[in-house]
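Alright, structures below, take your time with them.
Note that chain A is present in both complexes that follow, paired respectively with chain B and with chain C.
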Partner chain A sequence: MRRALREIRILARDPLLLFLVATVFVLIALFVVYPLAKVAIASLQTRGGDWTAEHYQLLQTRRLYQNALRNSLSVAALVGVVGTALGFVVAFTLTRVDVPFKRALHLITLLPIISPPFVGAVSILFLFGFNGLVTKQLLGLQDFNIYGRWGVVASQIFTFAPLAYLSLRGVLQSISPVLEDAAYNVGATRWQAFWRVTFPLSLPGIFSAFLVVFIESISDFGNPLVLAGAAFPMLAPQAYLEITGSFNLARGAMLAVVLLIPSLIAFAVQRYWVSRRQYVTVTGKPTASTSRIVSPAAKWALYALVLAFAALVLAFYAVIVLGAFTRVWGFDYTPTLQHLRYVFSVGLKSVYDTLIIAIVSTPLSGLLGMLVAYLVVRRRFPGKAALEFGSILSYAVPGTVVGIGYILAFNTPPLILTGTLAILVLAFVFRYVPVGIQNGIAVLKQVDPSIEEAAQNLGADAVTTFRKVTLPLLAPAFFSGLVYAFVRAMTAISAAIFLVSANWNLMTVQILNQVGSGRLGVAAAFSIVTIVLVTIAIAIITVLVERWSKTTTTVRFG
Partner chain B sequence: MFVRRLAVLATALLLSLAAAQTLVVYSSVDEENSNRILAAFTADTGIQVQMTFLSTGPALARIEAESARPQADVWFGAPSENHIDAKGRGLTQPYVAAEAGALIGEFKDAEGYWHAIYTNPLALGVRTDVLAQRGLEVPRSWADLTNPGYRGLIQMPSPQASGTARAVVFTLIELWGEDAAFAYMADLNANVQTYTQSGTAPSGALGLGETVIALQFSPGFLKLVDEGFPVEVVFPAEGVGYEVASMSILAGAQNLDAAKALVDWMTSARGQEQLSAVKTYFLPIRADVSAGEGIPSLDEINLVSYDPAFASANRERLVDRWVEEVLGQ
Partner chain C sequence: MSAVVDTAGPATIDLRLVGLRKEFTSQDDPNTVVVAVDDVDLELPKGRLVTLLGPSGCGKTTLLRMIAGFEEPTRGDIYFGARRMNQVAPNARDATMVFQSYAIFPHLNVYDNIAFGLRLKGLSRVDIKARVDRVVDQVGLVGMTQRPPSQLSGGQQQRVALARCLVMEPRMLLFDEPLSNLDAKLREQMRIEIRELQQRLGITSVYVTHDQVEAMSISDVVVVMDRGRVAQVGSPVEVYARPVDRFVADFIGKANFIEAVAVDARTIEVAGARLEVPNGVPHPAGTEVTAVIRPEALTIERGAQLVAPLRGVVERASFLGQLAEIAVRAPGDARWLVDVPNAAEVGMPEVGETVGLVPSARSLHVLPR
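Let's look at the complex of A and B:
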């Protein structure tokens, strides 16, 4: 209590800081917490507005909901395990083993991350559907049915294993291969060195990657919507169906709350238990990039696996490109530009809208992320832990829940935003800022505050210090935050589907509509346009951030 | 003199403002056809239209969620029972179209809350090439569809998500009564490959060869036939329900005059002729307008009407029953 009072007194002495802290608090309360509260309230009310628990009682009586919950959890667990294992194999091979084309394989593995939703689902239909290229044309299977559990699992592994790869790559890079070599040198077999040294050291990272994939899988909306089918209900699409198909907002909100619980638990475990147990054994630069613990046989076995996954990714994208430029997949392979023409005529407005929304929300998200990271690491004020939790909370909240929350919260006074650009931008900024915040916090924690103190001692005020010293140090985190925010803004669907309007529509929603009407060619064309735009944008952001950090950086480390 | 001129000027100004109005439409007619029909409307009247495609469910959910501050003027498309539902929830407002007299009772609301745009019967689209390969007959009736030979070959939309699928449920109930209809659908379930979210997905899958027998409203199939796909359109012999795609002016519409103009134009002979002129494959609702060449006229098909009021009142219950008894979930 006394500490809090002292912190408030310190805060009061610095009006700018007080203002910033208050602003961030209000923003997070309004755009993260308030919509979630609205969902919780809606799930407990009848259409007339009376309080009731009847929607939750349906969980006990309706097999549909029980099955949806069970299916979502089991799919998420399976995708988590397989996706993480696959991600680990690829990360281990590309960081530890001396094999050709590492850079190219790295980029190919990342491709699914920058793709719009449905790419995996549509490719799977093209390749493994009833009339799929592999199942029907190559293997001649008559009654192959991809709809249901295995279609969803396959498509989600393809979509989310790259996330596990990305995070495990970082983990493995922070474990020095010298340790493995040391174990090998003192007489351990290669196998022992891996299981007694590498594996235990990366275990927290593996667990963390599993939880990330688990959260992504359980909140995923696009893949199940196309591939699950009504006979294999899952929570996220079911919540959407309750609202849009059965017109039952309260039941949808109830399922959204149910969906939130496993996500939040996984998030809390990841955040407060696993992340405390990360090991970093690299001090300074990595000493050697390849380890001797991999035998030649194992090396090529691992490499074959990595090549197989990369080949699969390439096959999926080849199919999308082909699908976008042929008249009707599986029937008439005449080359055509008609799908692309459709995108640039009927769909052109959604291309512009998507770009505008992404361009507006990306810098806002980047700056907010750095600001919050700075406040959390460098400043002391009451409620700091709550602020940090609130600011990254939306990472764990499935998009469906966010979308329902925003439409409930911002279609009534005092703040009416439905149908505007603002509602989409706000949803994206607050939904995708956590990654920027986490990166910023990680970077700042490694920078000695004495550098900033030195600037202040030399007469710089807080703003100048932040701008001239802190911000340049944050450039890499800022950059990754920007890229993440942009990619997600271009490829988001689950929250956006509730928020698009006549004025502001998104390409991903167009893709959903086209997939829904069975016009996969147009969907593929939209997907390609999205991927090209995202790639161009990443290149532009890279150039801009590099130029900016060159002109402003005064101190460079490492 | 001056006052009169001022009045004329003011009227001209108002008229030009009205002409410059942009009508905001939530359309549940598929995007391509919405664009075609509404472009014909703009060409005829000069009224600009801003259209968002939302299938029936999302549209109604959106309109209800926005009812405190409506964002659109007209809900265009979606079967009439949804417009009855919207009327019951106070989401729409009445306006009797200038030529409402030319429409039969099933194609309009007596008080003018909604009017029909077009009508489509349910149909089966069948890939004749694949069935021939497998040595299977083309199904001719609802009863034929439960033939074990068709296991995993049928796609239809899910009643949970699609108004089209609910029309199937209502048709079967009208034909055989509720219990027999559900027993039939449970049998049919064994042959269904997947239930799609959208009411037009099955014809898309049929074109791709993803499925062999598709069930939905006829336009998607007529289009495939017109484009040269090996597809036959079958209207099951026992009888088929039909959708009456309708439109309502939303309560609180900001461009009321333009909204009324759309309702007047769409129900006029001129508007109805545009349905075939722009190749929508939709059937017109006026007896004095031809459906166009190659499109079956309504008297060639065994049509089954069901009471939209019953449909509207029982929808939620029947969808729940479908989930329980047919999906077995």
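Let's look at the complex of A and C:
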């Protein structure tokens, strides 16, 4: 308590800092914590406003909700296991084995991460749906049904295995191949070196990747909505249907809370338990870069798997491109520009809206991220831990929960925002800022504070120091945060679908509507436009970063 | 280059390298071939410790990694005793290695790290325990076997790495700059311990280092390497006192290189002064040669009446504690470094003072120019 008082007194001496800290606290309370509280409250109230647990009792009595919970959990567990295993195989092959075209395979594997959420689902419908290329044309199956558990699982593995790949790649790169050498040196075979050294060292990373995929899967809205079907209820789409179909906000809120609990548990385990158990073994100069851990036979077997996944990714995208230029998939394969023309006429407003929302929210998210990172790492003030937790909390909260929270919170006074641009921008800024914060914190923690002290020692005040020294050092984290925020804003659906209106609509919502009314060609055309816009934006940001790093000298720390 | 280590007595040769060569393709330009190890021959008797000494990039680590089996030779052969090892996998070589980074398994405690190789062999629990306990005692890790590596100091990690090798009772021990990550005091202590242990157990050892003091203090044989080639092989005293060329003389300790002219079979002339070379001058009279003399083999003569034939003016005098380092400018623009022991008692020469330089005759050594 006394320490808190002293910190406040120090803070009061710097009015600008005090103002910034207070602002960040208010913003996070208002746009992260308050909507979540509203969801919890709504799930515990009757229409009249009395406290009740009746909505939760439905979990015991209603078959539909029980099934939705069971299905969501079992799908998330399965996708987590298979997606992580696949991610590990690809990461292991591309980091540890000497095979051709590593760079290209790396990029192809990452492709699903920057895609709109329905690419997997739409491609699966194109290939394996009632009128699917494989199921109907190739195999001549009449009543093959892809809808349900296996459709969702397949689509989610395609969408989320790349996330596991990306995090496991970092894990494997941090395990020094010298350890494998050391194992051979005392008599281990390749197999023994892998199972006794490399694998146990990756285990915390594998578990962490599993939890990330688990969270993504259980929060996922797009794939289940398209592929689950009525016979296979799942939590996120069910919550959406309760609110938009039955106008039952309380039940939707209850399902949102049920959805939130496993996500938060998985997030807490990942962040506070697993991450403490990671080993970092790369020290000093790397000696041998390629590992001998794989026998030639195993090497080509692994490579075949990686190629198969890459081929699948390419096939999915090829199908989307073909579908966008095909008149009626499954019946009439005449090439056409009609779907694209539709996007640029009827759908043009949603293209503009999406771009405006993304362009407004991206820099806000980037700046807020750097500011919070700076405050958390470099400044002392009471409630710092709470601020850091609050600011990254929304990473673990499923979009569906955020969406429901925002309509509950901002549909009524004091702050009425529904139907505005602001509500979408705010939702995106606070939902996607955690990655920027985490990047910023990671960079700042590696920068020796004495560099900033040196600037002050040479006569710079706090603002100048931040502008001339800290900010340039944060630039890489800032730009990677920008890329992430932009990609997410362009491809978001789960929270946004609750917040769009006639005034402000999104391409992803258009894709969903088109899929819902069976016009897959238009959906594919929207997807392609999204992918192209995202790619152009990433290219622009990359060029800016390169300009930046050319004009400033890069300093290496470590 | 052929260099056979002469040994006292008929010891068996434990490690033999014949024309060993390693070429790498340059990463920048696939057409450029970099020769990392250039046709090295070497024979090492059983129970001896040889150091591979040289500046970074001289090929010493590549040579060691070929012996361990982590690099495949481009050409040439490796024999352990009579057995050719080129095709033997690294996990079957029976030559355990202490890595520069120690390569301690971070997920295993000290005991499990040391027992790692024995478990792979399928030894019984009782046997493993007995052997681990013995090495733990030998390397001084008693009471620490349950600790995770993250709780070990650099020196302790070093001991674990050594114990993990010793417990295998290998034919050969390989060391890849094992002490380079330790501070100066600990480095000295560890190298004494390693040497004692190696001699007590009589294990043939190959030790890579770039530190000439470490090399001389620990080795039976020093192999000085320069750009992939073996420059000189000999005992520490031999390579120090009778370097074969300027590179070796310069790399091993400090040296004065003085332009001189051969006068006869035992005399050279330096800056007008005639000096006797007890080891002889293997060059015809009148040949220009380079005389090598170590700073500690020169004494400084002070006073009004100098008798020494060589004279110069003190340019710099640095007091280093156990000795003082004096730089003397001699006629002909030669610069001599002289070590003055016990300078605190005998007094420091002053900058600008003219002094005489007296070489200890036994330490004068002549190289071709």
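To be clear about the criterion, the second predicted complex is superposed on the first by the 539 of 558 C-alpha atoms of A that agree within 3 Å, B and C clash if a C-alpha of one lies under 4 Å from a C-alpha of the other, contacts with A are read in each partner's own complex, and residues count from 1 in each chain.
Convention: contacts are C-beta pairs under 8 Å (C-beta built on N, C-alpha and C of every residue); 3 or more make two chains touch, one makes a residue touch a chain.
No experiment lies behind these values; they were computed from the predicted model shown.
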Contacts of A:Gly187 with chain B and chain C, given as first, second, both or neither: second
Partner chain in contact with A:Ala297 - chain B first, chain C second, else both or neither: neither
Chain B versus chain C as contact partner of A:Val178, first or second or both or neither: second
Contacts of A:Arg196 with chain B and chain C, given as first, second, both or neither: second
Touched partner set for A:Val463, first chain B, second chain C, both or neither: neither
A:Ala385 touches, of chain B and chain C: first, second, both or neither? neither
Greater residue coverage of chain A in the superposed arrangement, chain B or chain C: B
Residues on chain C engaged by chain A in the complex (per definition of touch): 61, 68-70, 89-92, 95-97, 99-101, 103, 105-107, 116-117, 120-121, 164-165, 168, 181
Complex interface listing, chain A residues touching chain B: 62-64, 67, 125, 129-131, 136, 142-143, 145, 147, 225, 229-231, 233, 241, 243-249, 328-331, 346, 407-408, 411-412, 416, 418-419, 497, 500-503, 505, 513, 516-520
Residues on chain A engaged by chain C in the complex (per definition of touch): 176, 178-179, 181-189, 192, 196-197, 200-201, 203, 279, 281, 283-284, 287-288, 292
Chain B - residues contacting chain A, complex: 24-26, 30-32, 35, 50-53, 55, 57-58, 60-61, 64-66, 68-69, 71-72, 85, 134, 151-152, 158, 160-162, 193-198, 200-211, 229, 316, 319, 323-324, 327-329
